[in-house]
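Take a look at the following structure, please.
Going in written order, the chains are labelled A, B, C and D, and every chain counts its residues from 1.
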Amino acid sequence: MIGLPVAIRLALAAARELQNGEVCFVGIGNPSDAALLAKHSRAPELTLIFESGVVGSNPISKPPLSTGSPSVAEKATMITDGLAVFSELQAGRIDVGLLSAAQVDLFGNLNSTVIGSYNQPKIRMVGSGGAHDIACLVKRLIILMPHDPRRFLEKVDFITSPGLSDRRSDLKLPPGPVSLITERARFSFESGTAALSATMPGYSEEDAVEGLSWKVKKTPDFASIEKFGKKELEAARSCLQYLFN
Amino acid sequence: MDKSAEISDLVEEHVNDGDTIFVGGFGHCVPFALCFEIIRQGKRDLTLCRSGTDILFDIMIGAGVASKVIFGYLGNPGIGLGHAFRRAVEAGTLTYEDWTNMSMILRFEAARQGIPFLPARILQLGDIANASIPGTIEVKTIDCPYTSEKLACIPALKPDVALVHAHQSDRSGNVQLIGVDGDMFTGALASEKILVTVERFVDTARITRLPEATRIPAYRTTAVAAVPWGAHPSYVEGVYGRDDDQYFAYDREARNVEGLEDYLRRWIYNCANHSAYLNAVGKKRLNVLEEQASRREIG
Amino acid sequence: MDKSAEISDLVEEHVNDGDTIFVGGFGHCVPFALCFEIIRQGKRDLTLCRSGTDILFDIMIGAGVASKVIFGYLGNPGIGLGHAFRRAVEAGTLTYEDWTNMSMILRFEAARQGIPFLPARILQLGDIANASIPGTIEVKTIDCPYTSEKLACIPALKPDVALVHAHQSDRSGNVQLIGVDGDMFTGALASEKILVTVERFVDTARITRLPEATRIPAYRTTAVAAVPWGAHPSYVEGVYGRDDDQYFAYDREARNVEGLEDYLRRWIYNCANHSAYLNAVGKKRLNVLEEQASRREIG
Amino acid sequence: MIGLPVAIRLALAAARELQNGEVCFVGIGNPSDAALLAKHSRAPELTLIFESGVVGSNPISKPPLSTGSPSVAEKATMITDGLAVFSELQAGRIDVGLLSAAQVDLFGNLNSTVIGSYNQPKIRMVGSGGAHDIACLVKRLIILMPHDPRRFLEKVDFITSPGLSDRRSDLKLPPGPVSLITERARFSFESGTAALSATMPGYSEEDAVEGLSWKVKKTPDFASIEKFGKKELEAARSCLQYLFN
């Protein structure tokens, strides 16, 4: 297990969060890897939606670089426009969304805009894309982050995509992030901040929080995640082959 | 009315310095040839806008034709940062507005519908619209007169000119496309003028075989040029594949100013026109990309 | 997931007395078979809504299944009044809301987008929304927070159930259509449940050949039945033509209560199901309509 | 001329209002007859748009009963949805619209909703359809009415589709009706109420206002419309053949 590339382990861990029959709004990279892996193992009836307007996507021929890449459209069951799929999101019809970012904080706020200050950034990044929209609107938000302690902050430099917030219910927005998945652990946001709810196969509790500045509690139902099965590993090898190079 | 023209005329006659330009193409059918022509003609002070951008935005920033960008995402999709954008922001030489992909689509949709804003549930949390952070956008809110919910008012954005590449058109300007759409036609139909390049001209009779594939009606098209491969290195569904290698190459080369300038020289300044650009890409590479196209045919 | 079912099950399991029903079909693909089944099953107290209606609304009013209608136009298109509607309004036995075709589309579009209203420039003049005329609709206005313009707020309308007839679907419910659209899919996608009849089932592989023709994605489809000729006397582009004579016949027969009841008996009550209905229409007539179809093929 | 059916004469008269190259939002009946006739005579590059979402329509095979009828879609250059075409209208991109109604008044207000009072009507009619929307939003509105004095009122029973109004400029709406066409005359709304601006070939000023309760002024540029040409009459015979039966 530990021998597998980080991106594969992250995808395996995150795929566990997706249930068969769900409708999933997917971004490029770790999120699409996880969703594709889930679809080809435990959740064959997962519907993948990309913000480019593609519904029922199954990008197995080649990992897409853009949400508008050829493999996203290939064999899709529906191609509509961006307004249509963001409308589905805003109307509360999308079950789950997967997001990654440069920084995450204890409340599940995500930053993909700037490192440093907004006006005089140390690093200017790509901005929200659809991430803010997904974070605001999707029924259940799953955050994917490789275990890189520099990216886990008390407070992100800039909140591109909002995490938990008292204002969500007033604004009639769904509750926000449910879990944060790394290749080492699952953190749950049920108690109001990220709390360790499970470790991934091969990792200890200490591994899970190694180097993090966060003071992380453990959830009452804390457990070790059972080993990834043969089907999941085989799906990883076939769908995510490019990550093995 | 015959709206067919040469690509150079499209830019010369209809793109003015200072214009706000909607750049079509959501991964698919990105109007590279049109924008490279804009760079060649040395247009200045353009405001570029769309939701999720392709490297074309970064290239235009690097080439100095854009003074402002309004966007949801600006980078090299799936690969990394927009290096020219990053340098320009960090040096303070570019004006920019951070929105989100959905809010950009809604901005165009409001303009398409002819209304000054669209209500939405986004941009009420987080820092993108945060009055206490100078430079971020301001988004007004209202209380819904029916439900009292608080809603963000996403303001209309009506570009002066839209740039679109598509599969085919008749000479009067009925423009057809299949495949990924994104905000391509929401943005185009929101715009005052629409400039189009297509892979090929077809008869109107061919257009009427699949009228559902018509995305811009003739009366909205300002001018249209036949420019095969006009979307390279992006792709055209069923015609040629995406040249991913070029995107990786741009990522490597644009990391410093010199590399970017080499890139601009090689692919734009040293190519007198689109044919010269295609020669620079090389027939061998184009054949490979043609092979990679999906087996779909329009109408 | 297999969502295929019999037409009788669609109605029995998913249409409840008191529901608000969006009836698809803007001249094209009007869901006659589904609505005739609703009448046969004796559903009650339905609220029917759409922009421009077909005679189907008038028939359902006449058959007593509708207690309220919300519409832009209610009549026999191009021919004349809705006789059952007229009688019911004049007798005071029906609740009704007059909107306009555009405002009905915006009501559905707001619900499709998940927002409580859409701003618009209509319904600020004239008597349709006029507080001094009792019974007309009330439409709130706002001042645009950006431009100060006065705008009408068109409230969202989210039907419980949408009824749609289309060309084809796979068994999981990816529904495809070509031809006239109107508000068919704006209304369907605004609705909580979507019930679909199609001319035929096809494999998913066939769906992926023209994914642009998919108008309802499988996850939104509640259930789908294969019902050839399910739109008669309206038409299905490329499959069969519109039976204009039936519309003229309805206009003549529904002018009085007895004539309407004869019509209902002949085409609905005396037909145990859709096959019996098709027998009543007669093979000869169906052949003529097939001949009249346009020469277009989907995907 | 006078021997032709009223509907033909009305179409011939109204077709004169349409210019080549214009984009025209069309309803069924007299309006579509006039637009089709114009397209096949003096304005071949007229773009016909129907509220059903059809653009570049040319319904010559059969007069359509519905805006969604087969002949509307046949040979059309674009089929989109209703939202798209009403958006074009609201954004001010449609040059001209043609409407008819059961009643018209001196200000160009139109009624297609009720005869009598709204709540206890003598006759309940079909309602607005897209008529209200066209009347509010189109740049230039042309009204078509057969010369039937009972339908020309001081004040319509119910304003389905608004005519001239002081409030239009405040609401940033276009000015509304430009002309009212009957088979006998053209009335202009330039001066604030319907004023006689022309008579149709074969009709006198007296014919034009025969039986009307309106006190109609004459416009300064009042004139007789020149005879319909051979091309127009031939187009009428070929496109509107069904009206000759």
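Quick notes on this structure:
The definition used in the following text is that a residue touches a chain if its C-beta (ideal position, glycine included) is under 8 Å from a C-beta of that chain, and two chains touch if they have at least 3 such contacts.
Values in this document were obtained by computation on a predicted structure and should not be read as measured data.
Subunit C and subunit D have centres, each the mean of its CA atoms, that are 28 Å apart. Work out the mean CA point of subunit B and of subunit C, and you get 38 Å between them. With centres defined as mean CA coordinates, subunit D is found 40 Å away from subunit B. Rounded to a whole number, the gap between the C-alpha centres of subunit A and subunit D is 56 angstrom. Within subunit C, residues 113-115, 120-121, 149, 178-179, 212 each touch two or more of the remaining chains. Residue numbers of subunit A whose C-beta contacts span two or more other chains: 54, 73, 79-80, 83, 89-90. If you sketch which chains touch which, the pattern fits none of the simple shapes: not an open path, not a single ring, not a star, and not all-to-all. Of all possible chain pairs, the ones that touch are A-B, A-C, B-C, B-D, C-D.
Contact residues of subunit B toward subunit D in the complex are 1, 111-115, 170, 174, 189, 204, 207-208, 211-212, 214, 217-220. Residue ranges on subunit B touching subunit C, taken from their complex, read 113-121, 140-142, 144-147, 149, 151, 153, 155, 178-179, 209-210, 212-213, 296.
Contact residues of subunit C toward subunit D in the complex are 25-28, 51-52, 54, 71-75, 77-79, 81-82, 85-86, 89-90, 92, 98-103, 105-106, 109, 120-128, 130, 133-136, 149-150, 178-186, 235, 237, 241-242, 244, 247, 292, 294.
The residues of subunit D lying in touch with subunit B in their complex are 21, 23, 45, 47, 54-56, 73, 75-80, 83-84, 87-93. Interface of subunit A with subunit B (complex): residues 28-29, 51-54, 64-70, 72-74, 79-83, 86, 89-90, 109, 113, 118-133, 135-137, 158-162, 165, 167-168, 170-173.
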